[in-house]
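In what comes next, subunit A is part of two complexes: it sits with subunit B in the first one and with subunit C in the second one.
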Partner chain A sequence: MKRFAMIAATSAAALSASALHAEPLKIGIIESLSGAQTSTGRLYANAVAYGVAQINAAGGFNGEPVEVIEYDNAGGAPDAANKFRQAVADGVDIIFQGASSAIAGQLTEDVRKHNLRNPGKEVMFINLGGEAMELTGEKCQFYHFRFTTTAPMRVNALVGAMKKSGDLGEKAYSINQNYSWGQDMQAAVQTAAANGGYEIVGEVLHDVNKIQDFAPFVARLKSAEPDTVFTGNWSNDLLLLMKATGDAGLNVKFATAYLDQPGNIANAGATSLGHYIANNYENAATDGAFAEDYKKATGHYPIFVEGHSAFAVGALQQALGTLDFKGGDINVTSIAQALENTTYETPVGPVSVRKEDHQTIRPVVVSKVVKNAKYPADGTDMGFETVEVIPGEQAIYPVQDSCKMQRPDS
Partner chain B sequence: MTNMRNLILGAVFLVLLIAVPPLLDLAWQNALVNILIASLFALAFNLLIGQAGLLSFGHAAYFGIGAFAALHLMIAVENGLPFPTPLLPLAGAAAGLTVGLIAGYFATMRSGVYFALVTLAIAELFHSLAPRLEGMFGGEAGIASMRMPWASFTFGSMLSVYYLVLAWVVICGLGLWAYTRTPFGRLTLALRDNEQRVRFLGYNAHASKVIVFAISAMVTGIAGSLLAISNETANYSLFASAVSSQVVLQTFVGGATVFLGPVLGAAAFALFSFLVSDLTRSWVLYQGLIFVLVMLYAPSGIGGVVEHHIRNRKNLDWSRLAGPYLLALAGGLLIAAGVVFLTESASILFGEEYAMARQGANGGLPAYELFGLIWKPLSFVTWTVPAALLAGGGVVLMRARREIGAIWDSKGHGARPAAKSASMGGAA
Partner chain C sequence: MEFAIISALNGVTYGLLLFMVSAGLTLIFGMMGVLNFAHASFYMLGAYVAYAVSSIFGFWTGVIVAPIVTGLIGMAVERFLLPKVHKHGHAHELLLTFGLALIIEELVKLFFGDFPVNYQMPASLRFSAFHIFGADYPFYRLFIGGVAVVMFTALWLLLTRTRTGIVVRAAERLPAMAEALGHNIPMVFMFVFGTGAALAGLAGAVAGAFYPTNPNMGLELGVIVFVVVVVGGLGSLKGSLLASLLIGLFSSFAVGLDWSLAKLLGLVGLGEWARSIGGLMTLELSSVSATIPFALMLIVLLVRPAGLMGERN
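For the complex of A and B:
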């Protein structure tokens, strides 16, 4: 009996204590944490966890530590829709996601409809990796923020940097995967032709991650005699393409978007030397302070998407710093408005949100694969050496006409 | 008498399905919607495998087609077409029926493995074609719409979607059940058991199979359109082979020989993924283990086991059976605990965080936390616990099985009730 009374007393105390607590900010990571895309999904989740740890080390938000909940979307859009509802039921305020534009497309629609139907209980979505143009075009909306590049930004940066270093040449070839991302890349290569002063000598769109032998494609490539090959290919499609080109003894420069995916450098070996990549962040482009700090917290230098994903949380932290809900209810619309006005200094340059379509204006790092790199990749002696950091204003493209954003009234 | 009781049981169950959801939170309502949709999908699929003996490996095609058809109609409604929202699944039904007739015409020319391969190929065709046809399937990001209000219903809340889905699933489920009672339903069974005789009796076997296939595709299309209504989006991943294989797994785990078996399987799988998928990253492994175990020890599925017990409920001495059954349950739980312990330990020890902790410990093997306790990787205790769980569970389960077998045998039935109606696997 005495024990029961004790339990009752302590739980009552706990209850009243929690009633005094402020509402914590809840972040949901809806990512591919099982299935084929797990390795990439894990990196996004790691980086967000790192960023949130920074917020909490600085005292959290609204008088409480920020909570992070991970949801496994199993790599599919319908599962992501389910997890979104689970997240809403859990009271999540901000959603992060990166691997796959298809899932980003699902989530941004879910967020938009949820906010229409539940005014006052808004949720916002920070997109870390969905690069499909329509997310800031036809599907653009106030509560979606894209904290990564898109195809035109990567291509513009590659063209600018390679032209300056004299590696671009006058004949370009474009080989891409036949879906929205690959088509975006192909369109961007066409658009940049005038500026870059090159002629497109061939264009190919092929099946996504189904081709085992790229020899026929390389034969076509060889007969077109390009100087530079632009490709947005990722995973096996990039690896096998580069290997087939290497086997054919072709002397071309590859201008890529995903050469830094873990495992690529190790697998391609010496074939990858001298090829280019444009991405959001590269350790070698900085003074190394962020890379060391990240390593201290997670055990490894930031790779692939980890750097820019951590900066997205950094930008959020800066936006939260301008707000004070005094321990009361969290107003997500205010957070979104604050994030719109945030310019976050990353180690490679400032990142700010373009208000018209919520694409971030951000620097693009162009690098080249070299031997004896400062930050070796995949346990090899090769790695990325920075060629040029293209500032955001130079890499950005005009707002798409299809974006008609409805802003909240206030 | 039995009929009356079944009717009352069904009515009570329906009342529960109607009365309980308002008391649940959004996540549970969503889970119930998924269970209902998966159930209808599995029921439609089972019309082919369970009734007609045709194993389709590409039902994702009709599921996806239904979803896209409904979504296109939803977009039209959004743009002002006066069409009642609750009737949207009719678009899925029409699309499923049409595609099912065409695909079924070709697929049912062959049977057995060849039939399965043709259906698989048709689904793959949609899967690789869909991302290219931007106008119809919306490319990678898919197409999206919004449920429009109809009459006094806004269809804004999950609950209203739940009731809409429930109504359609109940109606379609009853329709499929009624189908099995019609002469054509009997003919469907005959197609499974002896197609040659059906032909000799003067029926057109091919035409009959096309019709069965199309009906199955039509109901599958309805299930797909219900998903489209619930999610308000659809993209080409609906055509993925994972969707096709999922319904095969659900149907076989639930039991293809019993009408409601697939519903049990679908509910079990959907609930499992809802409850477990955020607890552990190894949930897909557990799901696979459950499938393998069911196929090995109860090939007629959960539904088959349940049905066998119901059929023999009068002959069995339940007071004698209860003890061994509880014992078997305890043994199963012990083994499950051992397996979970080993799996989770492995996923921690080979995981990134642990590698990080090892760096901190200068390459040593630091202790890890699991189930609220601290375990040392090199300690004797850490590995004795799962070993004891597995061994203990194994011994208990063996004993329970012997006792249960003896009781069933004394009544003149097989030791493993499920093994009896195992002919299903061969039907494929």
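For the complex of A and C:
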């Protein structure tokens, strides 16, 4: 009996203690922090940590600092699913992830199922880098938000800007990785052909980051004699392809999506000069205020995915600013609804969420590699010069028919 | 014709690169029976050491220092780590070297960062060897091939034509007898392991300047190198040369061929039907070119489990 009284007393004390402390908002980063994609995963995690530090510097949320917990998915979907369960057990409200569409696909399904089974304890997922179309197509759902571009946005921007500057040419070649993202890129290049006034002289899909020698692909590319090569390749697949093309002395322009991945410019050297990239953000396209602030906080200018990932947290911060749970329970559905209605001003233009499929309407920056750039990449004298910033309304594509979103309010 | 010549050229140079990396692994397995999972890590280590040294002392110093450093590390591994698990058999050696590979990879990330480093070939080697069918052929590819050929010749002569080679082979066949004749067997094994590691280091130093030097390079090539050694016949130097060339040529030719099952069936008039099914039927050979080495390994293991030139069946 005495023992029961003690338990009752301690639990009462615990309860009153929790009533004194408001419930903190918990953010989980489920990212590739070990394994082959560490380099990209680490950058996403950096940017989210930076963004959350901004929220906390402004007083946090719900009367408490926002907590960030990092989970290592080791670059694979099964590990990500495990880490999602752990995050739920830890009481995480919002999940961030960026590296790999496959992992994003796993997480968005996990989130959807979790929310169906646990009404009132919803979790939302902010996708920073999974660009597969199906995430806002067949798999689209209310609690998933994509804060990055997709293949059609990048390709349309590239085609528009390169055509204007006279670098597009009439013959295009598409070489991509054989999975959802690469196939999306290939389809986008086909769709944009009529608008861009080019003919597709060759298409290749190849294994993802397994190929050591790209010379045979370059031989095949050469025989098609293209002016422009569209590729969504990233990591080794882009670097090796570009180097092999440079070594063969071919005079083609590359239209890429991931040329700004750290190490690419230094490794490809002069070969990379004149090639194009379309992405979410580039320091050179702005007045530099954000870049300086980021450098002050982290020691380096924002590179690769860091810029747009920080803006995703910025948009979240703005959404949180419209809410007040008065120190009580956090309602994730309200946060998601507030985020839907948020238009966040980034240094390259406004970013807003399209309610039908939760794709963000966002500007796309097209740049090209030049010598003596304002923000040199990888410690070289080369870097990206902005060719054009395509505004969000112009870059966006129609909602996919396959998206049938179940809204909690309907 | 153009396609055949270019593909053959690309295939042979890539095959020679594969041989360069797998030579050390073959040597270590053939002479000592140790399946060294960390071999590709020595390859990566070689590239990173060469990068670090060459940024101060120039490219050639890097290429010379890298194999020495990886060789010494290899010897240390053989001397201090492997004997502890040797009595437990192959599985433990494999596990030990596997762990070592993970440690080396994380250490490299710790010291050199997650991103590819800027390890470049010197400008004096960056020129095109010849112009063929409207494209330049980089000299450095021939250089890599040349180093591999020299490596094969030197190893083969060393093992078959010199006294050292006789001692090493004796140590492998009948260690007790060789020891009774006054040869220091542990020293021989340490030397062999060191040489194997040094060869991987040299391969890394040479190839790292052509392919990007990044923390994944060991992992990426490591699997293929194992395929080479298995296809060639574990421990056979000539076998791994043959297997490397085969894999290089197969991968190179596969890329240029847009063959698919649908096209094959088209020959007997079933093309339309196959295309309507899609999926596997329309999968082009070029999109699975990286899978070819594994298919080759499967076939070789089914038909000739000892590998192309393996002795033990």
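The definition used in the following text is that the second predicted complex is superposed on the first by the 390 of 410 C-alpha atoms of A that agree within 3 Å, B and C clash if a C-alpha of one lies under 4 Å from a C-alpha of the other, contacts with A are read in each partner's own complex, and residues count from 1 in each chain.
The definition used in the following text is that contacts are C-beta pairs under 8 Å (C-beta built on N, C-alpha and C of every residue); 3 or more make two chains touch, one makes a residue touch a chain.
These numbers come from a predicted model, not from an experiment.
In the superposition on chain A, contact of A:178 is made with both subunit B and subunit C. By the touch criterion defined above, A:296 reaches neither subunit B nor subunit C.
Judged by the touch definition given at the top, the superposed model places A:263 against subunit C, while subunit B stays out of reach. By the touch criterion defined above, A:326 reaches neither subunit B nor subunit C. When both complexes are overlaid on chain A, the residue A:207 reaches subunit B and subunit C alike.
After overlaying the two complexes on the shared chain, residue contacts for A:36 are found with subunit C alone; subunit B is out of touch.
By the document's definition of touching, of the two partners only subunit C reaches A:215; subunit B does not. Common to the subunit B and subunit C contact sets on subunit A are residues 34, 38, 42, 178, 207, 210. Only residues 2-3, 6-7, 10-11, 13-14, 17, 106, 109, 113-118, 120, 128, 131, 133-138, 140-141, 210-212, 214-216, 219-221, 224, 248, 251-256, 284, 286-291 of subunit C touch subunit A when the two sit together in their complex. Touching subunit A in their complex are the following residues of subunit B: 25-28, 30-31, 34, 128, 131-132, 134, 139-142, 144, 146, 156-158, 227, 230-233, 235-238, 240, 242, 274, 277-278, 281, 283-284, 352, 355-356, 359.
Interface residues of subunit A facing subunit C in the complex, by the touch rule stated above, are 34, 36, 38-39, 42, 178, 204-207, 209-213, 215-220, 222-223, 236, 239-240, 243, 247-250, 262-264, 266-267, 269, 378-380.
Of all residues in subunit A, only 33-35, 38, 42, 46, 70-72, 74, 76-78, 81-83, 85-86, 88-90, 101-102, 104-106, 109-110, 113, 116-117, 132, 134-135, 139, 178-181, 207-208, 210, 298-299 touch subunit B in the complex they form.
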